[in-house]
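Chain naming follows the written order as A, B, C and D, and within any one chain the residues start at number 1.
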Amino acid sequence: MLSAILWTPLAFGLISLLAPRRFAPWVAGTGTLITLVLAAIVAIGFDSSQGLQYVVDVTWIPGLGINYSLGIDGISVFLVLLTALAWVPAVAFTASRGTDRAGLFYFMLLAGQTATLGAFLAQDLLLFVLFFDLMIVPFYFLFGIWGSDREGVTAGSATVKMIVFTLIGSLLMLVGAVAVGVIAADGGQLTFNMAELAEKGLPSGSQNWIFWFFAAAFLVKMPAFPLHGWMPDAYRAAPLPALAVFSAVLSKVGAYGFLKVVLPIMPDAVELFQTTMLIIALGSIIYGSVMAFTKIDLRLILGFSSVAQLGFITLGIFALDSTGANGALLQMINHGLVVVPAFLIVALIAERTGSEDIGPMGGLAKKAPVFAVIFLIVTMGTLAIPGSANFIGEFYILNGVFNTDVAIAIIASSGVALAAFYALRMYQRTMHNPLPEGSDSREISVRDGLMIVPIVLIMIVLAFCPQIILGDTRDSVDATVAVSKEAAQ
Amino acid sequence: MAIEWYLVLSAMLFSIGFAGVLVRRNPVVVLLCLELMLSGGALAMLSFSRLHGDGDGQVFVLMVLVVAAAEVVVGLGLVVAMFRRRIPLDVDEMKELRG
Amino acid sequence: MTFDAPTIDYAGLSPIITMTAGLVLLVLVAVFDGVKRTAPAIALLTLATTAGLLIWQWDADTPLLNGSLQIDGLAVVFSLLVVISAAAAVLLTIGDPSEHQAGRPDFLALLMASVLGMVMLTMASNLITFFIALELFSIPLYALCGTNLRKRESLEAGLKYLIIGSVGSATLLYGMALIYGASAATDFTGIASGLTEGGLISDSLTLVGVGMIAVGLAFKISIAPFHQWTPDVYQGAPTPVTAFMSAATKLAAFAVFIRFFLVALEPMAAEWDVILAALATISILVGNVGAIAQSSLKRMLGYSGVAQAGYMLAGIVVATQQGVDALTFYLAAYLAMNMAAFAAIVIHERQSGFSDSIESLRGIGRSNPLVAWPLTIAMLALAGLPPTAGFIGKLYLFQALVEADWTWLGVMIAIGTMISLVYYMRVVATIWMSPASDASLQVPSGEPGVDLDSPRRWYLVLPAILGSAAAIFFGIIPQPLVEFAQHAGNALAALIS
Amino acid sequence: MNAASWGWLVLLFPLLGSIFIGLTFRRIPPKAAGLVGIAAIAAAFICGIAAVISLQGEPAESRHVADSLWTYASVGGLSIDLGIYVDPLSAFMVLVVTGVSSLIHIYSYSYMKSDAGYHRFFSYLNFFVFSMLLLVLAGNFVLLVVGWAFVGFASYALISYWYRREAATRAGMKAFVINVVGDIGLVLAAILIFRELGVIDYGAVFEKAPEVFTTTNEWTAVAICLLLLVGAFAKSAQMPFHTWLADAMEGPTPVSSLIHAATMVTAGVYLVARAHPLFELAPAAADVAAIVGLVTLLVAGTIAIVVTDLKRIIAYSTMSQIGYMFVAVGIGAYSAGMFHLMTHAFFKALLFMAAGSVIAAMANIQNIDRMKGFYKAMPFTAAMLIIGALALSGFPGTSGWFSKDEIIDFAAFRGGWYEIFAIGGYIGAFMTAIYSFRIIFRILPGPPCEEAAHLIETGHVVHGEPVNPATGEKEDIEVGYPGEDHHIAEQAMGMKIGMSVLGFLALVGGLVQIPGVTEVITHFLEPTFEDSPLAAMHPTVAEAWKGLAKGAVISVVGIAFTWWLYIGRPSVPETLRRTFSPIYTLFINKWYGDEIIDFLIVKPVKGFGRFANNWFERYAIGGLTNGTIAIVRSASGAVRDLQTGMLRGYALLMAVGTVAILLYFLIRGL
């Protein structure tokens, strides 16, 4: 079952690459829908009381001790669903606008989905690393080929920068992952199964350096302050539908990695570097928020807001507290749900104004009240207004951090106020104020609405009952956090 | 005579050859210097062969002589080809490929 | 004194005999104009037969010719890879101006001689065969580099390669003399026991000998700081020759490197591992850094080859069987990627009037998928990105390094790989993300060598497709290649602690 | 049905109304939307009454119902139910909110008639009422935060309702961000409560708090209460979070009336009353509430005396009156505070409505300097204005008289240093009389101004061009700027109904709480405050009447003094202004509240933003990124410079390398 979820996108991607041009969008769309249905079936069938489920475990490279091992637990179940979901509007949006070299585009996009799903499903550490590295490749092409050149920065150079910087961490992580397996085996049978590795444990001396190899990969991917140097150029270059899924899902893989890999396998190091990580997270929150409200490019506002949000998520994870980690996981999903429509809305705004700078914008709500309301809901989600699931995520995160370090919690909470400012500013400067010449206040079309509204509806449903997610994730997350807690004692 | 002297001589031969490669600019002379270097190796080999009193080293030296000849042949061939193309026979002038 | 004729194991020798026969045949063919056109077929047939015989000897583990050669897993595996590389080179040669210049059978005869030297080198287990085989593969290669007689660069590359190569050979020879002097033996096992029994393991003169042999071999596999010929020769030599030597010289030289260092010098591994690790590190840094900002694709691949050699050397540093396995795997993968890359370059060259500048690749992602895809896959594989064999190769190396407590060298490889992304990805970016420049489209069709149909020539396309397919295939299903590599490592299992 | 079920219905109707109007905005005519909105709130009001009746049926000692629909979120022991808590206090608030809201909805139905965004307005307004009711009925602190933020959002949406005006959007942003700061205070308070008590539901929290916080003023209890106060102050525009309220007057007048006078801004008072068990465990925090209330009361009063914008005068007056309420709940006069909250809702909503009517007649000019002689032109509005002003200034017999003086009496009764609050309260009352009758005396009597004259002559309201008062440019009425037709109470039934009812309530609403006679509110709220020793204390009836008498005197003297200032000797204000010019400057600049916040918070954050953007991102992050690239590139240059193409150079490097290796080995061999 999980194999089907994993490979369906790639298979359909290949078909769309080879299919006649006009069928490519349909093939790709079908592929993402099938993936979504399969993921939904798995999520519905998920039993929160049992740990790892739907396990697939086949020897892949016996010579290297690597297994093709998939599984789903409370941590990954909704992230898989989010991944399956996020790609649907991205494909639909591209299909509705048409694109150059469509077959190749959908192939890359769907290959990216397979890689991302792989990272969430993998239960073998090296398989995880492989998919983690693989993710960036299709996006490199997507951003580079279909991206747009900005002043002084071509899409090509922006993406080279992106792939170099994100892979810096990934390669170190590869060394680290190998080291984990080898050191844990201690001359015995080599295995990279995450659960077994967590059980075997590592000597704390090795944990310390391996921890940073993993952290480098995850922090760059998020990206976290001060490792976000690649982000602005890449975000500005990227085609928006691809950027939507990139920002919504790929950035979460880093946070997921902390939760799934680092916490259980390197509990001593986690304990040791907890404060450092909390400070990095705090830096991301403050810096990301402040940057978000000085920027006028919508993509960068959202980009830096992601830096801040990922900061919150990291904060929650490294609170090493049940509420913090659960909040972080919930927040990963919430943020994904917010970002996908946000970037599509940016695309719609750009279609109406011909620009992505909020400087000269305004008044788009005039003839487009529905559009404005959709954007308003998304904005409120972004700033985590109490009543949204995002708020519950932040609330639990802050609660977790509060139990760990009061000062950090209080400083972090100022990020909430800054978020209110930059998110609202983004909304106001586009939708409100006078409508300048040359901007076209046009209502959102039904077709575009169908891409965005379902996700917005999911946001609203979750706002009424975030427990839908928390109920399933709770046990797995608590088990993960418990490992670190034990190490602390 | 003690083996040391042969070894010193071989080392000198080798070093002179290497120095020649470093300082001479005419490819033909450079090829000559290469022969010196090989001869240095061969002499050392011969001395050790005598020292150990087995024939392997001597066989080896025979082979080395052949190899050296072959090398020079190819080298000279290339020099001739360059000469025919009116390329100056100066290794310092061969700077098309660099950077 | 009675003379006992040595028993000759013809089965074990059969690949060498076949190669020699093919070589002689080619030289004969060169004489007769009427049959000259069959030369490539003869060459391919010879290679195919050799490959067949090698597979036949898959499980062999016997000394040949009184122990001067040894056919075992290591030899078979490496010879097979060399033969594959040669076959690709033969295909790519067809229609190349250098082949035209030198005369087709002569050109191929030189090539086959070089291959013969390499095959012998993989089997060499004696200093004499080691040296002869090394020279047998090197000397024809010097000539091959200069075969494009009309091009000044080609001649320059040939002469540079020859002179620097000979310096390397002489150094190697001198080192051999010193080792021979210390151990009183020329066969590898004899050296090992001679050194151990003589208590000369940390003797200065022995170590100097080891150092000089290391220098000689490092030169062949383009290890910095003995690498400087590499970019020049890669760029100047005819592309099919570059294609051949890029992987094959590394294969052959690494085979003997493994055999000599891990058999003959195994007792003193603790003496030389640090220096080799240092050389590997220097290579990784110099190669990767040098490749940045190159404008010639072949030259860039030359530098990249220096860096890759550094990665591979790490497999020897660890002095374990797993290291050999990883190295073999990496070399096989490297062969596949290089085959794809150079085949693509050959196709592109013939279309673009022999330009190998990276700029000339602008926009070919759209106009010329048969160049673009293999080149892209090759670049991704060289950069070690999944899902290519390059990724698994690095993984394998990391594992070997970590197990042998050489993690810092693994980190060096990781850092080198990061730097390498800059230039590999720049090529990919040029292919896919830059609009076609006017210059690359305006190829004067009257110019000699312009072959607008080159993407339709099966003998050019085949290596490109096979290479890139292999790079992907073994990235997804690496186990067959892992086992293949382990076959080489197993041959030394008994000898490596 | 029990009270909780009625409570759910109270919440349900406005929510449905909001969603329905929002979804059908293109389908149903504006009038229908307005009627649906009114009906929804009226239904909520009726359900509120039903809830009260049902609640009264319970025995006094268990007169509170908690009910939950489902588990909202539950992780790591922190379980949050989607639950409500109905007790006399919340029921009282429900009645005030729904009652006043109904009237304001009716008023808006006419007032906003020609506005293009009619649907949007009613949808927002209904959503606001829903949020406010959620705030009031929430059963735990997290849900309280939700309601708290929702009203903030609704407030934002309605302040920015005429979003074409940049002043309006800016004001909305300011209100929202300051309110978010308040939300954060509440969030941290909730987290701290959970950490200390392990529960988050009201009932459980109030039960456990005395057990856990065994000594008064334990720092955690104080911290919790102070954090709650941050939320309360931000929402109720108390210093130093007060600056948004005056700007919020950019919203349509019914919004000012409903949100920024009658209901939302008093939420802070409700919160303190709600959490009184905590505040009584942390008297220090309660004192902070009272002191801040007093300071705000006085400062806002001084500003209200000098500003000339009609709506802003009333807005500062609101701040000032909420100050009274904070004093009340801070010193323990809970029922008095709630009583003042109710009467204030009546007369302040009324004042805003009347002001809206005047402003409409002035074609949206709000400066009282321009207004004159509306007594004849708009008799009904004038009457309502006078009623509002009388009640506000605590004229004997009006609702404000009873409620305000009850607070001051209690302060005097508690004695000790609490006397300060009584004295401050009387000073405030005097200022209240001045600013409320300053409005009356400046805009009603005298020769009619241009607009008033036009109204008298033609019977029609002046048709001003829709102009943005801030920039003077022509407004775009399509996006919902009030249309060219302005509606005044005299000509619009809905406005008249809303105002009359409120006018009646403002006059007689105080009669429910005549000391010694009725005291309905005190008795009604008693079950909520039964555990509080402070609430049990009462001044005697005689003392109360003595206080009322004092209040009456101050009010009458104040009004008379104002008459003397503006009618008797119209030159005096100008003289005073010139004589006390520094003080006047201080007052007219609102005690530089905006500037201080700007200097302390906005500037540093913006400066940090500039620093981050112009310096840090460019040099540190860019340096890290590009610096790495530069190092690699320069290394690349070095390698390529070494590659001279010269054969002898290559050989030399080989020689160097060889010698280095050999040296290593030689040294090693020694």
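General observations
Criterion: a contact is a pair of C-beta atoms (placed from the backbone, for glycine too) under 8 Å apart; a residue touches a chain by one contact, two chains touch by 3 or more.
Please read these numbers as outputs of a predicted model, since none were measured by experiment.
Simply put, of B-C and C-D, more C-beta pairs touch at B-C.
Averaging C-alpha coordinates per chain places the centre of subunit B 25 Å away from that of subunit C. Inter-chain centre distance (subunit A to subunit B, centres taken as mean C-alpha positions): 63 Å. Mean C-alpha positions place subunit C and subunit D at a centre distance of 78 Å. In terms of their C-alpha centroids, the spacing between subunit A and subunit D amounts to 37 Å. Subunit C has residues 159-160, 163, 167, 171, 231-232, 294, 422 in contact with two or more other chains.
Within subunit A, no positions touching two or more other chains are listed.
Those residues of subunit B in touch with two or more other chains are numbered 18, 21, 30, 91, 94, 96-99. Pairwise, the chains that touch each other are A-C, A-D, B-C, B-D, C-D. Those residues of subunit A that touch subunit D in the complex are listed here as 161, 165, 226, 228-230, 232, 287, 290-291, 293-295, 321-323, 326-327, 363, 365-367, 369, 373, 376, 380, 383, 385-387, 391-392, 395-396, 398-400, 402-403, 409-410, 413-414, 416-418, 420-421, 424-425, 428, 431-435, 464-467, 470-471, 474, 478. Subunit B makes touch with subunit D in their complex at residues 18, 21-23, 25, 30, 91-92, 94-99. Considering their complex, residues 640, 643-648, 651-652, 655 of subunit D touch subunit B. Subunit C makes touch with subunit B in their complex at residues 127-128, 131-132, 135, 139, 142-143, 146, 149-150, 152-153, 155-160, 162-163, 166-167, 169-171, 173-174, 176-178, 180-181, 184-186, 231-233, 235-236, 294, 299. Per the touch definition, subunit D reaches subunit A in the complex via residues 22, 25, 70-78, 80, 82, 120, 142, 145-146, 148-150, 153, 156-157, 160, 163-164, 166, 169, 172-173, 176-177, 180-181, 183-184, 187-188, 190-192, 194-195, 476, 478-479, 605, 608-610, 612-613, 616-617, 620-622, 624-626, 629.
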